[in-house]
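Think of it as A, B, C, D, E and F in the order they're written, each chain with its own count starting at 1.
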Amino acid sequence: MGSNPAGRANHLDLRPVSNLPISRFPVPRLEDLPEDVRARILAVQEKSGFVPNVFLALAHRPAEFRAFFAYHDALMDKPGGLTKAEREMIVVATSGANNCQYCVVAHGAILRVRAKNPLLADQVATNYRKADITPRQKAMLDFAMQVALASATVGEADLAALREQGFADEDIWDIAAIAAFFALSNRMANVTSMRPNDEFYLMGRVAK
Amino acid sequence: MGSNPAGRANHLDLRPVSNLPISRFPVPRLEDLPEDVRARILAVQEKSGFVPNVFLALAHRPAEFRAFFAYHDALMDKPGGLTKAEREMIVVATSGANNCQYCVVAHGAILRVRAKNPLLADQVATNYRKADITPRQKAMLDFAMQVALASATVGEADLAALREQGFADEDIWDIAAIAAFFALSNRMANVTSMRPNDEFYLMGRVAK
Amino acid sequence: MGSNPAGRANHLDLRPVSNLPISRFPVPRLEDLPEDVRARILAVQEKSGFVPNVFLALAHRPAEFRAFFAYHDALMDKPGGLTKAEREMIVVATSGANNCQYCVVAHGAILRVRAKNPLLADQVATNYRKADITPRQKAMLDFAMQVALASATVGEADLAALREQGFADEDIWDIAAIAAFFALSNRMANVTSMRPNDEFYLMGRVAK
Amino acid sequence: MGSNPAGRANHLDLRPVSNLPISRFPVPRLEDLPEDVRARILAVQEKSGFVPNVFLALAHRPAEFRAFFAYHDALMDKPGGLTKAEREMIVVATSGANNCQYCVVAHGAILRVRAKNPLLADQVATNYRKADITPRQKAMLDFAMQVALASATVGEADLAALREQGFADEDIWDIAAIAAFFALSNRMANVTSMRPNDEFYLMGRVAK
Amino acid sequence: MGSNPAGRANHLDLRPVSNLPISRFPVPRLEDLPEDVRARILAVQEKSGFVPNVFLALAHRPAEFRAFFAYHDALMDKPGGLTKAEREMIVVATSGANNCQYCVVAHGAILRVRAKNPLLADQVATNYRKADITPRQKAMLDFAMQVALASATVGEADLAALREQGFADEDIWDIAAIAAFFALSNRMANVTSMRPNDEFYLMGRVAK
Amino acid sequence: MGSNPAGRANHLDLRPVSNLPISRFPVPRLEDLPEDVRARILAVQEKSGFVPNVFLALAHRPAEFRAFFAYHDALMDKPGGLTKAEREMIVVATSGANNCQYCVVAHGAILRVRAKNPLLADQVATNYRKADITPRQKAMLDFAMQVALASATVGEADLAALREQGFADEDIWDIAAIAAFFALSNRMANVTSMRPNDEFYLMGRVAK
């Protein structure tokens, strides 16, 4: 995966390794996409060595594609009180609760990479309460799961519990917003029957 | 609401009529906002005669604000097989299931206006199965509720049921995407304790 | 609604404004009803200016009609520690949880009138936790929802929490009994597909 | 139980055999009750040889007592397409689903007596799907459970399924109304912590 | 039941009193069983006067039969901090929650015998929170129900609550293991549609 | 893993790689175990190159240990209509539904090995409906999930659906029994907070 010859970035092999459909809906050809969408896809291929299927499946709707990734980047790549690994923990835990195969597999891979921990993602996906995380991280995930599964019950006491663990109000917004954004993402992946790329399964599991 | 003197658009009265907080998180002052965010807010005030609180509450995070409304517009203002009233039905039904006060009240108002029907929103919010809608619209809402509440169970048979009612695959994406986007929206409104503007409650209930 | 010429009370127009059925079961003609049932119906028409459909739908079974309204009056019109508006809050919150369109719309109207508050009913119907109510009223509704949704779990600690908010034991019985009675009422309305009168939707929303 | 000397009916022994409280709320003394309520209680004692605790617990509120038993009698003692045993099956199955100890024990006893079957009540209380009942009775209980647990989902197809089993529409009303009435009854018994009389446990289990 | 002439133990009457099937799957003839399985069945008949149907239904698979009863005996007949009646309470409460007719009826009978209490089993099966048990026993059943219904949520605080009630860690293992074993047993009984023997219904209800 | 020098089998390194506790309860030393339990543990170490923690955690109770593994072997190692990989699919799918970290990780590894497929386990654990399996396998898992989550609802129609997919009645018993056995296993793993061995995470993911 590390070896990604620059010469490869000018074309895109849309066939998944396993030759199975990656979406229930039409997947556009790279050359038919608006320039900015194509550029974003080529950039992620350049960086990762492959194109995560979420980019291809959502490119079917360029306007939604742009908003989706703008939202994603605003939440996942920003500075703040949560580490990047912690943000991915939120994704993996809530996606597990929503039975979203794409997000558990793809963000599980990213979590392993971000946390430099080959075990954490599988633990968090199945039962974060028993994962190798800190009490502060467990409180973070308790709240994220409440947002994912029963957001109408969120009250002042829930925010107070997070503040006791040292979370700033901006961190609380981040936790909530990530859980909320992946509520959207999980539903789109489930409805489109989005297929995780084969590459994700092994990513971050072995030292390079 | 009809009377909206143009001269008023240059300032913004952030105090809600009822003087109660509109968000658990800080609400920015208009003058502190980036130009594009401020312009969007002034435009909606110009058009509606007031600023729906979702604009003010989410403006706390301009990058997320931009992505949120870009996504919203991509789904709610586009042409396609679903009428604007039908899109609002999806919002109201799924927001009711998620117990989202802001979205039920605000989009209930928009549904009344779009459908030119003062009864429909309250019916759909409580139990769409008994609302004054067509069998096709009921099938649409059955699917939207499945996406909102149990998206992992969506299978080919569910899409087939929609096609039998005459929905094109692009319509099915629209239904799913609206339900998915408001899964996000409901969670943000619930966590921020977003307050519906007083203006929404009566909107569309009486002939002007 | 205010104008209800006395001369009108001698006949009854059973056709709903929208000409849609008000029950899945037969709706009796006024002249076929026992004298006491007819008198009750004419009295409510005299007072309200229209006949709420629950009277017509349940009149199909006069013995049950009598017991139903006797029970209703024993709970809703009695003196005690709960105001009439508070009793209606219990009805609206639990009927929302049971997705009962008739009760949310009809008692939502009565709540607006009793509380002289045009916003409260829609707030309570969707999520009472965020409604403009006092902490004491929130505790009341927490308990009412427990009775509605998980009555087997009610224990001494739940009653103690209400007493701490100043509720007398007779008030606690009232809260429980109203939630229990509308458990019945919601189910009958849902099974009969009882239609809320068009008049309810606007009632209490505008100053006369 | 059979031996009930007439001379005993003039006084009432309110102490339960086990000397444990029969309600969380005050239980009135017979002499303090309104004449009609006392008469009803003495009549049931005369007939049954003991006073079921529901009469004593609910007599705390005479107006509600009257409405409750009027409703009960209107549903349980009427002629119609359902046998008395079938009506009790509905009570036992739905009360089991609501975890109502009083109603399962007391109406389980009545079901054994009505059906002249010592096994049926325990079967129906735990899982009616495996009870010694006919397919028609299973359809009846399927519907009763839907009314008890998810009444908002009742639609025309559910009624059609009952009609296919030979139920008249009046029978369908009966099934729904019994399930609805015991939704109320179960909640009152759960909140008052109503204790089943010791006598019920053995009733109908052995030939006299 | 006490009178079980030794001469009867050499043959086995597989016909249930009610002549209804005791399993959806084939029930082996005694003479076709491996010697150890047959011996176990004859021994229980000798002791109880009849063969509980679970022995016959599970004998269809001798290897599973042996493991099942070895596990059962390891948990239910061992010494320790829980009485035999308390172990049966766990079985009855969790089997009620799993709607397992066989286990509620059969172990309800054993609970009545073990506790020398004719009321306890029916109370525990429907709602253990209101049964005639000690606070320590209620804490035991709270935990058993958590294991039965939501074991992934078990955390240190849950164990601490049991220790406060005086339970040793070995007792906690016992509670959990009994609830876990009957999670298996309930599922097998439900899938095989295992029929409780008629004898169980009356057992322990009347003094001999 | 393949290289397991015979000389290593005579001692046992109980320390998990990550030095974290493998059970909330005491873990016995190998030398303190009964001979047969120790032999079983040494045999599995010999075969696998490490001792799965379930052996050590359950060895705390030798009698239960013996019954547990006898049951396990009777279900998982037997011949029959289900392949070994299919049996593991049942384990992984139902353990995912029960949020059992140990069983998902450990049996996920075994599934990868048995199916010679590095992707299948993660797919099945999160949402078997979208896994790379046949319609027959999907029907098998539909039923296994019903047994795991709602066994009281299993009826003749559910068995008929399996027979239509070509399953023999003995296969149906196998599916049910595996789901039932892991209902037990999941609960023990959750309560003991059983830790998956680090070795499992990578097993079956890479060609040797």
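Here is the rule we use: a residue touches a chain if its C-beta (ideal position, glycine included) is under 8 Å from a C-beta of that chain, and two chains touch if they have at least 3 such contacts.
Treat the numbers as computed from the prediction; the structure is a model and nothing was measured.
S.K.: Among the other chains, which touch chain B and chain C together?
M.R.: Intersection of chain B and chain C contact lists gives A, D.
S.K.: Starting from the defined contact criterion, work out which chains touch chain A and chain D both, please.
M.R.: Expected: B, C, E, F.
S.K.: For the copies chain A and chain F, give the interface type as same if over half of its residue numbers appear on both sides, and as different if under half do.
M.R.: Same residues, largely: of all residue numbers at this interface, over half are found in both copies.
S.K.: Quick check: how many Å separate the C-alpha centres of chain E and chain F?
M.R.: Taking the mean C-alpha position of each chain, the two centres sit 25 Å apart.
S.K.: Could you give the separation in Å between the centres of chain D and chain F, each centre being the mean of its C-alpha atoms?
M.R.: Distance between chain centres, rounded to whole Å: 46 Å.
S.K.: Find every residue in chain F that makes contact with two or more other chains and list them.
M.R.: Touching at least two other chains: 99-100, 127, 152, 190, 193.
S.K.: All pairs of touching chains?
M.R.: A-B, A-C, A-E, A-F, B-C, B-D, B-F, C-D, C-E, D-E, D-F, E-F
S.K.: Under the definition above, what is the set of chain A residues touching chain C in their complex?
M.R.: 152-153, 155
S.K.: Where on chain B is chain C touching in the complex?
M.R.: Counting only chain B, the residues touching chain C are 18, 20, 96, 99-101, 104-105, 108, 118-119, 122-123, 125-127, 130-132, 190, 193, 195, 198, 201-202, 205-206.
S.K.: Okay, in this complex, where on chain B does chain D touch?
M.R.: 127, 129
S.K.: Enumerate the contact residues on chain F facing chain E in the complex.
M.R.: 24-25, 60-61, 63-64, 66-68, 70-71, 73-75, 78, 98-100, 147-148, 151-152, 154, 156, 159, 169, 173, 176-177, 179-181, 183-188, 190-193
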